[in-house]
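Below you'll find the structures, each written out as structure tokens.
There are two complexes below, and they share chain A, which is joined by chain B in the first and by chain C in the second.
Moving on, here comes the complex of A and B:
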């Protein structure tokens, strides 16, 4: 079983910050959600090292922490990819076939929505209307906007981010 | 107590305030179906199988969590109620790996039974099935999530009853799966193999790792001398699988049944329990008199041992170095018994019949090879041996009374009470008292440490010294007790801990009761009293009076804590991580 984690050195510093944040929540089981949100703000995602520290500090099980992290879509288990792909699933995009584009993206990247590729290059998220309905369906990669997307355009576009 | 009046289907009921509709209905003999509800363990109102109409309420209400109130009118059997329950059940069934005939819980499954009781004739829904995982890497527990109905009874049990908490519902919606973190195997996380989750599961999503094939093979092999040892708690539970009633005592039927199954000898773990008391009693005295580490904590329960290694490594030195009776038996069988009978130990196949799933793990520990071979070859739960007997067409209930074989089948009442919480402590006190004082113990029944209370204490005067003892069963209770000791809120000389609530009679390998039956009877208490009855009827009730154990010391071991004992009967422990380690990438 592979648990995604950045290199120790990068993480170590952030973990110290997390530890500091946790001090004010010692033993407060009820603060789990809030603590996880703060931890994600610090580290950017919630690797197992962070979850363990949260569990210890709040005196809950790691299993409970993991259960909570995977229940809410706004928590990430893995660091976000170098390239963050967002696909609009707003109404306009949806009726123009955004779901098919999404399937193709998932297929090409080998991940599901909300996840990050193992090489940490791409992460894939869905979002609501981005205000570019005229271009529907819309995919955004970092700051680049791609309109009138079709499933077939997906491999081509991904090539721009080698 | 404030009482509340209400009507259920027009019938007047008076119950104490705070009672749920479900409890009130049961009081007047009305059956409301349930699925996620497990009394005292899981009362979360998740499955909505138990819905009823409450007059004035807009929607149907989950009766298992809905408290009664004055003047309430409840209807448990309206068309809307019946239809809602059916829809709930059919939705569950439509996403279920329905393979009842080959399922371990066939005919003892709450989902199956509900389908019958609610009169389900067809399933109106079809659809994609959830992605499932079959996890059989653990030596003790198998998870088959294709049958999981997400009731969370196992989750509450693991977290709250056992204070372990290694399984939870992960992910959300259709993807939800009850699993360890990162969907690992139970073998990769700090699961203690207690099997309490299996007892809680209404369906076949959790079961023991089945070892019956190994045993069938050995029984067929003419080269093998196959011997059985029966744990104390099995003699008050195996009869349940053959319709003899909860806690029926079948001590003498077991040898008869196992001989017919093909075992060459049928021995008794009670013998090894007596041996354990000889070693552990002397270890206690040794520590008491020579400033050794106290409190001494018992080591018979492999679920407790693994729990201690993962979660309380600071107490490892307090653990008795004595192996459990199962392992003492194995080591003695492949050395002393082998020599005595002139049998090559490599040809001896030791089968343990245990109320326990953690014993499967224990026998595979690398420390448990003192004879030069794996001391215990296979462990069967009470449920597995019952399945084997049934497969062979042997009806335990119809067996004649027969005796265990000699010499490893001779035991005392002290060995028998190992099967109930408090029993090891009581057995130890019976022996320690007489060894120290040289006087006969007048009242050998230590009733203050018997019974279902989670933590029990007693002070026993031995030769002018007050010895403080404590007993905990169920690992959440063990946690409480250990934290007290850690924080110096209490001081004890001797502590007994059993992983399972009720002790071994409530073990994770024992016959499974439905939630309905658990609502009615405290099965652990029933089996526990049966254990004490077994003890009362034994001619000898103190381990140091066991003639076969005496002979074992004379002919082979020398004396308790002697060199041979250390080699064969004692062990050591290993601190283990609480959390799985992350791999760097």
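Moving on, here comes the complex of A and C:
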């Protein structure tokens, strides 16, 4: 119960921040995408409460906001893990065995691509080329880039994020 | 002005930063400070040098000595030997795979010798975060020239005469595009830079934006003057945080110096540039989808005509060029159209930047004159295929392109030759594949990509790519049927003919080109239920050859599912039920005792 209450108050705080940010953009044409990007930066994801507020502030319908959020892969409707693991599945990484690294990640974390572990510690996403093809295959955890990955290196690297 | 006797250039592109060039740079600064050389030696960050695989890369001028794979521990030695005593640290020099001695200067090595850098002219040479360095290298001189000496029409004529074609994929003549935008009626017009480099395996635009952001700003201002626009937008992928940061700095600095904003260089010309970030949608690289995204909407394409040059951003005439195209503009203005047109071939002028990757020794970024052959790029510049494997195909043009086989290696690289070969120039990704790459699997890989990225607006792309993908999945799973190849071909033709935008129209290309050159691989999957390259997991199994196995147990240790068992010093066995075919055991076995069948 306590934990849930804490979470609620955190969210309320973040919503206040979102309100402040919205002031800046009120009435601006074409600001929806930028607003959503900033809102996600503040909250970490885009729950329906946030989408409603964005729709009101920019004077667009909630359905337009929701359809935009679900169109772009960068927006999340659910909270993500503390450590966001992204594995590049671009061509260069794929040719060099990124799929095998991905299988190992799924196995070690016990989740599939797109999911988050129950303790909200890790989420796993496949992403398109990050442009570090010289280091293929590449795994990115938050801001740390791991190049020349092999399945074997997975458990060792995950240990850094205990 | 301060004068330094030596400059240490540390590459801080995405590749080298990932390899740890930031701590290396800090180590240089500390070490130089410690030795009291701060007034003599300057440490600078630069953009991408191209050889990302060997990062962190460092160049020390005035000699131009190139050190690769430099670690923090190496820094005191470089400072002591090179910067204090003037002796080159041989062990950190680049070693050509084919030659015995190590190469001292960057310009000596094959990877660079054959390149001609126009779009990348400043990458790895200047500090992208300091506008003065760009200005010192002729920066903003082309803008000054057009504003003071040329009429807008003269600028467009120069671009047209140069023969420059769009570097983002289609290869549309740039001058013509500018003319359309200029001739379109309207008081308000826009210039847009397409930096939504979405093709997996292509990162030239990222390197330009990171390594030389001002060149794009300058070219956009020139374009603005030529077509009569006062505002520009740069649309960059959110996946490129470093490029975004450098652009923000560059725009700020250009505004401070009066090179963007009101009354530029006192000529009465106003032009300003704004950044817009993508949010992870491949289709936004398509120009009408990109415009929708800048307007803050879902990035869905719309039918053309009307073309953006007539009706673009917020319904106004809009000129859209990609990053690399813009990067060619200032040199064309400064050196003249004839100079540019003298490089390349009859129908493809100038140079093209390629990102070479995959199964190749030197991965990285290269800029070569049009007309260079694929063989030169892959073998002379790229250093050939690693581990003694055989070349199978090179993929160009990303998800819109195709795979080119060994027979066509001597083909000159041009827009038209690549299209004839069933591929395309695209944005310049070049992924090399060897004998271990399955061409059906690669076709499936690209279809998975386009299917996932299809925006869903038009049925041929939304449903057609899905059906094609299902067939490819069935073939790679060993469930292919007679007639599947023909069905793929029919679907491919129909999608090409009827999809709304470039993404859908080109989506079948990877399948068609692999069918054209590697039909036998498809047939082996369908008829014999075999994957000749040993890549499709459903069609292979792993076995240990008892005679070769020494019983060292390394494979059992590395197996993530405990599928390998055996006594020490006795041949081990793989439990095929448990095996997940992750390939870890093959990679670990020192005796080559494990095989895929």
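As a working rule, the second predicted complex is superposed on the first by the 84 of 162 C-alpha atoms of A that agree within 3 Å, B and C clash if a C-alpha of one lies under 4 Å from a C-alpha of the other, contacts with A are read in each partner's own complex, and residues count from 1 in each chain.
Everything that follows uses one rule, which is that a residue touches a chain if its C-beta (ideal position, glycine included) is under 8 Å from a C-beta of that chain, and two chains touch if they have at least 3 such contacts.
This one's a predicted model, so the numbers in the text were calculated from it and none came from an experiment.
In the superposition on chain A, contact of A:54 is made with neither chain B nor chain C.
Counting the residues of chain A touched by each of chain B and chain C gives the higher count for C.
In the superposition on chain A, A:128 makes contact with chain C only, while chain B stays out of contact range. Using the contact criterion defined above for the overlaid structures, shared-chain residue A:147 touches chain C, although it does not reach chain B. Contacts of A:104 after superposition: chain C is touched, whereas chain B is not reached.
In the superposed pair of complexes, A:66 makes contact with chain B only, with no contact to chain C. On chain A, the surface touched by chain B in one complex and the surface touched by chain C in the other have residues 64, 67, 71-73 in common. Across the complex, chain A meets chain C through its residues 29-34, 36-37, 64, 67-68, 71-75, 89-97, 100, 103-104, 107-108, 127-136, 138, 145, 147, 150-152.
Against chain A, in their complex, chain C makes its touches with residues 14-15, 17-19, 51-53, 55, 197-203, 206-207, 238-240, 276-282, 293-300, 314, 355, 357-359, 363-364, 395, 398, 429, 431, 433, 437, 442, 445-446, 449, 455, 558, 560-561, 580, 582-584, 587-588.
The touching residues of chain A, when paired with chain B in their complex, are 1-5, 7-8, 47-49, 51-52, 55, 61-64, 66-67, 70-73, 118. Residue ranges of chain B in contact with chain A, taken from their complex: 159, 164-172, 180-184, 188-189, 578-580, 582-585.
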